[in-house]
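For clarity, chains are labelled A, B, C, D, E and F in written order, and residue numbers in each chain start from 1.
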Amino acid sequence: MRIVDMNWMQVEEYLRRDDRVVLPIGSVEQHGYLSLGVDAILAGRVSVEAAEPLGVPVYPVQPYGVTPHFREFPGTLGLRVETYAHVVRDLLDGLHGMGFRRVLLVNGHGGNQSAASVAAEWVADHPDARVRFHNWWNAPRTIAKVASFDKAYSHASWMENFPWTRLEGIVMPEGEKPMADMLRLNLLNPREVRAYLVDGNYGGRYQRPDEEMLAIWAEGVAETRAAIEGPWE
Amino acid sequence: MRIVDMNWMQVEEYLRRDDRVVLPIGSVEQHGYLSLGVDAILAGRVSVEAAEPLGVPVYPVQPYGVTPHFREFPGTLGLRVETYAHVVRDLLDGLHGMGFRRVLLVNGHGGNQSAASVAAEWVADHPDARVRFHNWWNAPRTIAKVASFDKAYSHASWMENFPWTRLEGIVMPEGEKPMADMLRLNLLNPREVRAYLVDGNYGGRYQRPDEEMLAIWAEGVAETRAAIEGPWE
Amino acid sequence: MRIVDMNWMQVEEYLRRDDRVVLPIGSVEQHGYLSLGVDAILAGRVSVEAAEPLGVPVYPVQPYGVTPHFREFPGTLGLRVETYAHVVRDLLDGLHGMGFRRVLLVNGHGGNQSAASVAAEWVADHPDARVRFHNWWNAPRTIAKVASFDKAYSHASWMENFPWTRLEGIVMPEGEKPMADMLRLNLLNPREVRAYLVDGNYGGRYQRPDEEMLAIWAEGVAETRAAIEGPWE
Amino acid sequence: MRIVDMNWMQVEEYLRRDDRVVLPIGSVEQHGYLSLGVDAILAGRVSVEAAEPLGVPVYPVQPYGVTPHFREFPGTLGLRVETYAHVVRDLLDGLHGMGFRRVLLVNGHGGNQSAASVAAEWVADHPDARVRFHNWWNAPRTIAKVASFDKAYSHASWMENFPWTRLEGIVMPEGEKPMADMLRLNLLNPREVRAYLVDGNYGGRYQRPDEEMLAIWAEGVAETRAAIEGPWE
Amino acid sequence: MRIVDMNWMQVEEYLRRDDRVVLPIGSVEQHGYLSLGVDAILAGRVSVEAAEPLGVPVYPVQPYGVTPHFREFPGTLGLRVETYAHVVRDLLDGLHGMGFRRVLLVNGHGGNQSAASVAAEWVADHPDARVRFHNWWNAPRTIAKVASFDKAYSHASWMENFPWTRLEGIVMPEGEKPMADMLRLNLLNPREVRAYLVDGNYGGRYQRPDEEMLAIWAEGVAETRAAIEGPWE
Amino acid sequence: MRIVDMNWMQVEEYLRRDDRVVLPIGSVEQHGYLSLGVDAILAGRVSVEAAEPLGVPVYPVQPYGVTPHFREFPGTLGLRVETYAHVVRDLLDGLHGMGFRRVLLVNGHGGNQSAASVAAEWVADHPDARVRFHNWWNAPRTIAKVASFDKAYSHASWMENFPWTRLEGIVMPEGEKPMADMLRLNLLNPREVRAYLVDGNYGGRYQRPDEEMLAIWAEGVAETRAAIEGPWE
């Protein structure tokens, strides 16, 4: 259940019977021809759909993450690493303060990985609580489903092209882009990253049939739901 | 236009002809019987509607703000003052880095006021840019429209009860709550604030006719649009 | 009583019978023809005079606040927003540590407003204490007294021209300066602020008769004293 | 000349012919029977008297420094080490921004020593500026003058008992307190420090004749003046 | 070449002909029966051996990293995530300031991963420099060599048991420990982590023949050397 | 005993019978013709030799300290003052967390002095613990031994030229360098510091007989050992 569909009395009531909560974290950054909001949209949506039948509340996605790499692609907007650490810590503090004890961080963006370090440290400081850091898109079952359709997948490729991340009126290129050399990409500065990637896709096709995408989505939702269900010990 | 409805090529194209942008900032906190997301919902929505005919892009609302006062109402979730300062600064840095020069911060929450200080300092450090801090809900024309219907308005009262902030299945109390004593309220700690406010409404009726609410909304949208249009000097 | 007129044994003795304390906060910044220290001088002095008959101790004014706007008027000297948040938090921590439980922050500068956010957060973290944030110069009774003499008042105008803020040998301009457009002023960067304001006065006369000033002062002292007296619940 | 006795036009005029400035930094902390403000009072006053004949402006003393050691003596109020570093950095930034290039930091408190590290780092970042860190009370000539009267001097002893730091109605103890063991004192926590020091004096007499104190003061003023005069290379 | 075997004149001379440098980062934390310094020892040593024939200087290993997870195993000592971010940033700033432009961060500890985020951000801010983040122990060739001997390897298992990380007089247990469940381990707080791991080994044998270890080491050195050699574009 | 020669079980066992620990802190910076690591090498080594017969564990030296002054001598690498404060605080927190209650900080670098302020503040926050800040090289007995051989000693002079800090193949200059003017040196920016010092030695001979150096070393070790032994009250 979305927190924005609840008032405080309902959260209080929920906390009398359960202490699980979902906090999605995303990013606003270039995704080639797709929406700048891909990571925020997907992390938020997968959380809501996963939590729905369980009645576990889902907080609004923290839309801004860490994305210095894509700074030269206009529209990309993020936070500095230290700022992000403080944001994650404050949000965990707040959730703990109101009584949540099992937090699923549903992450939609690889660059947010430092949040996992913060969460580990926070748990060490709050031994009565648990935080599970869940990269929904590359959790084992979901990424296996992706690979089952096409082994050439990557950032901003078909793998992120869902009906809810593609844009009206934008036509996807045909064909398959050669895979970027990740070792090289990791060395480049933002200007070079842009020059190297051209359109932002790291490699692979730009679109695949929607039945495949919906199957991937179903797996992502199911796997995220399993993470909410536990076990938590 | 929502940034999530754009890709980076479209932002780049926009920046060739305009340098205005809207960044809404909200809060997730108790609003009595209404949604915990009132401030985030309204700041985001008023921004999108205001910017729409102008074609100015609107970033996703930063949902988490500063709200220590309501900490004892479950569901309320915010950031510490210093964290928030860093968030606002990083976002302004990022907008500036990609070429925006006129930023409208559309604020939906009184507790975020320190963002105005950060913005003033940021402008002093970036003299080629402008930031207008716009408290949409108490801008002169909008608050006058509110007062024209009923002088007893406040946090979590009818004034924030729009079709898009009320919750399904939640029935509003009848009658008018006496106004809280703000001087006293400002002195209380979170536990006392909760005990004093009981349901969270600061005073006034809980609901008023939708035609009044839509008139207020229209004024809020129009006034926010005027803020985007300028003048910016 | 001024803390600088006390030794630690006297503070200890005081804390056995009372837990109120006054901490004035000011700014060092352009005030047109008046002293650069106006805000620090007035916040400190009004605190001392208000507290005197009550025997409540008054700490030295924290002279440096947040004032990026006036950076291009030489002499102006302040702290960054985050630094200021830490200063306010540390001072409140220290007062609490020694046993004070009711703190009156007497603020003399609009730009310090973020201190009120910090204080609210600090109180939420220290539920056994109270902090009242008191903008002495625009508290209801004091600002009404100002307006009773002349409705055209502003930063660096006659309203701040007391015998103890004017400078020897400096002759005030005659006449009344037209009011600055605040919406426009808030958009300007420091260089533009200076160009727009010329001498620093925001509008209104530069001086008014001392009997009026002393009447305003008496009201400011009385209203600040009332804030010390309480009620504190 | 005190900055509070100047307006911005006068600072601007001064900066056309000179770029030296004095910033005193003090502390508010126990000084035995003497004023809690000893370090702030003395740093401020020695600066003003030293600078007076040279026409160099003196900023208001930053009254709050670093003083964790005396936390258990009520009245003591300070900042954390990191906060203080930010305060010193911000003030140096501000002075540099308005055109000062030679800054004398007149320090009145041993616990503020980390400000010297910050100043050294700041100078490394601002190679067009100079900062001289001047511990006025133990500069070579001044401390020699102190020792010429009585070798048993220390914190809160006669050495800090000037007509402007002693308190009305407070009678000083007779006799000479044995010197504290500094190695031991440095190991103690605040509670133990208080138990060990009892009245706060580190050792030595509590008062000496005023002609001696005035001679010390004259030396302190002269040596601080010499530090303002230079050489600065 | 180790920086501690150089003086500044030699570094200056080196910088005239090359701009590569190696900075190893480690951790001090439980490694079962092995040295608490395993990660620092290995990162430092592999760097020195790799760089030796290339003449590229190697800075002393930063021994303290991020390791909240092992807090309940005595001896473990680390830094907070934000502190670590500042350490990495400062060191990169310093290397850049003296003229290095290609930095190999040789990391010996998984918990330091947030340093990679900091490095990416730093590169975005310093587009004239490159930083390669190299987890030496799980770089492709090295981890393949490990797996070629025994697929059951993990933290504190035989895989980290080199002649220079084992301790005199400590006898390793016989047999193979069952692999820990990583998903579960990631959920536990430090007390639970200790209870679950018992001796600290995550699973696998405690020791294997030294010829295997030396073969792994040779691969690790060779692969790290290749990372220093480049390509760097 | 070096922590890197222990595993966690051994630290746990030690903590059952003692709560003393040694943490050396150094610097990597120019030392004229000597190793860039002089301060780290000496602080680490003196700690290990001093603690050895007492069986007190010695942590790895924190090699990077605060050294902005020498920034223009290539090879010098340090941390910012605030970063360093956080490092020292985190390490003290960690030592306290695992049960150490008496910490000897063995400092090898004058520029790290702000660590003493942090330690004092930390002790005030942790009244059950003690921290002794020990500048090993200018502790009374050691510096007296230095002066007994030659009164002209300084940074990077013979006084720091031990068999374990001098470099293979580097020939020391003959003769005695005139002493630098410290007051002047403290005013200079990094470029000027380098121009003024030329080779980095602050004054005095470059080398003296090894029997003298070994006598100094023996005194340093003995005096550091005494600091470990106590008394700690």
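Keep in mind that, in the parts below, a residue touches a chain if its C-beta (ideal position, glycine included) is under 8 Å from a C-beta of that chain, and two chains touch if they have at least 3 such contacts.
From a predicted model like this one, the values you see are computed outputs, not experimental measurements.
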Margin query: With a step meaning a move to a chain it touches, how many steps does the shortest path from subunit B to subunit F take?
Written below: 3
Note to self: Over half shared numbers or under half: where do the identical copies subunit D and subunit F land at their interface, same or different?
What the structure shows: same
Checklist line | Intercentroid distance (Cα basis), subunit C paired with subunit B, Å | finding: 28
Notebook entry, point to check: Per the centroid of Cα atoms for each chain, what is the distance between subunit B and subunit E, given in Å?
Noted result: 47
Check: If you average the CA atoms of subunit A and of subunit D, how many Å lie between those two points?
Finding: 54
Item checked: Residues of subunit D touching at least two other chains -> 71, 80, 82, 86
Notebook entry, point to check: Looking only at which chains touch which, which shape fits best: line, ring, star, complete or other?
Noted result: ring
Next item on the list: Name the chains in ring order, counting from subunit B in the direction that reaches subunit C next.
Entry: B, C, D, F, E, A
Next item on the list: Give every residue of subunit A touching subunit E within the complex, in rising order.
Entry: 66, 68-69, 71, 80-82, 85-86, 111, 113-114, 116-118, 120-121, 123-127, 129-133, 184, 186-187, 189-192, 231-233
Item checked: subunit C-touching residues of subunit D, taken from the complex the two chains share -> 3-12, 15, 28, 30-37, 40-41, 59-64, 71, 73-80, 82-83, 86-87, 90-91, 94-95, 97-99, 167-168, 170, 199-200
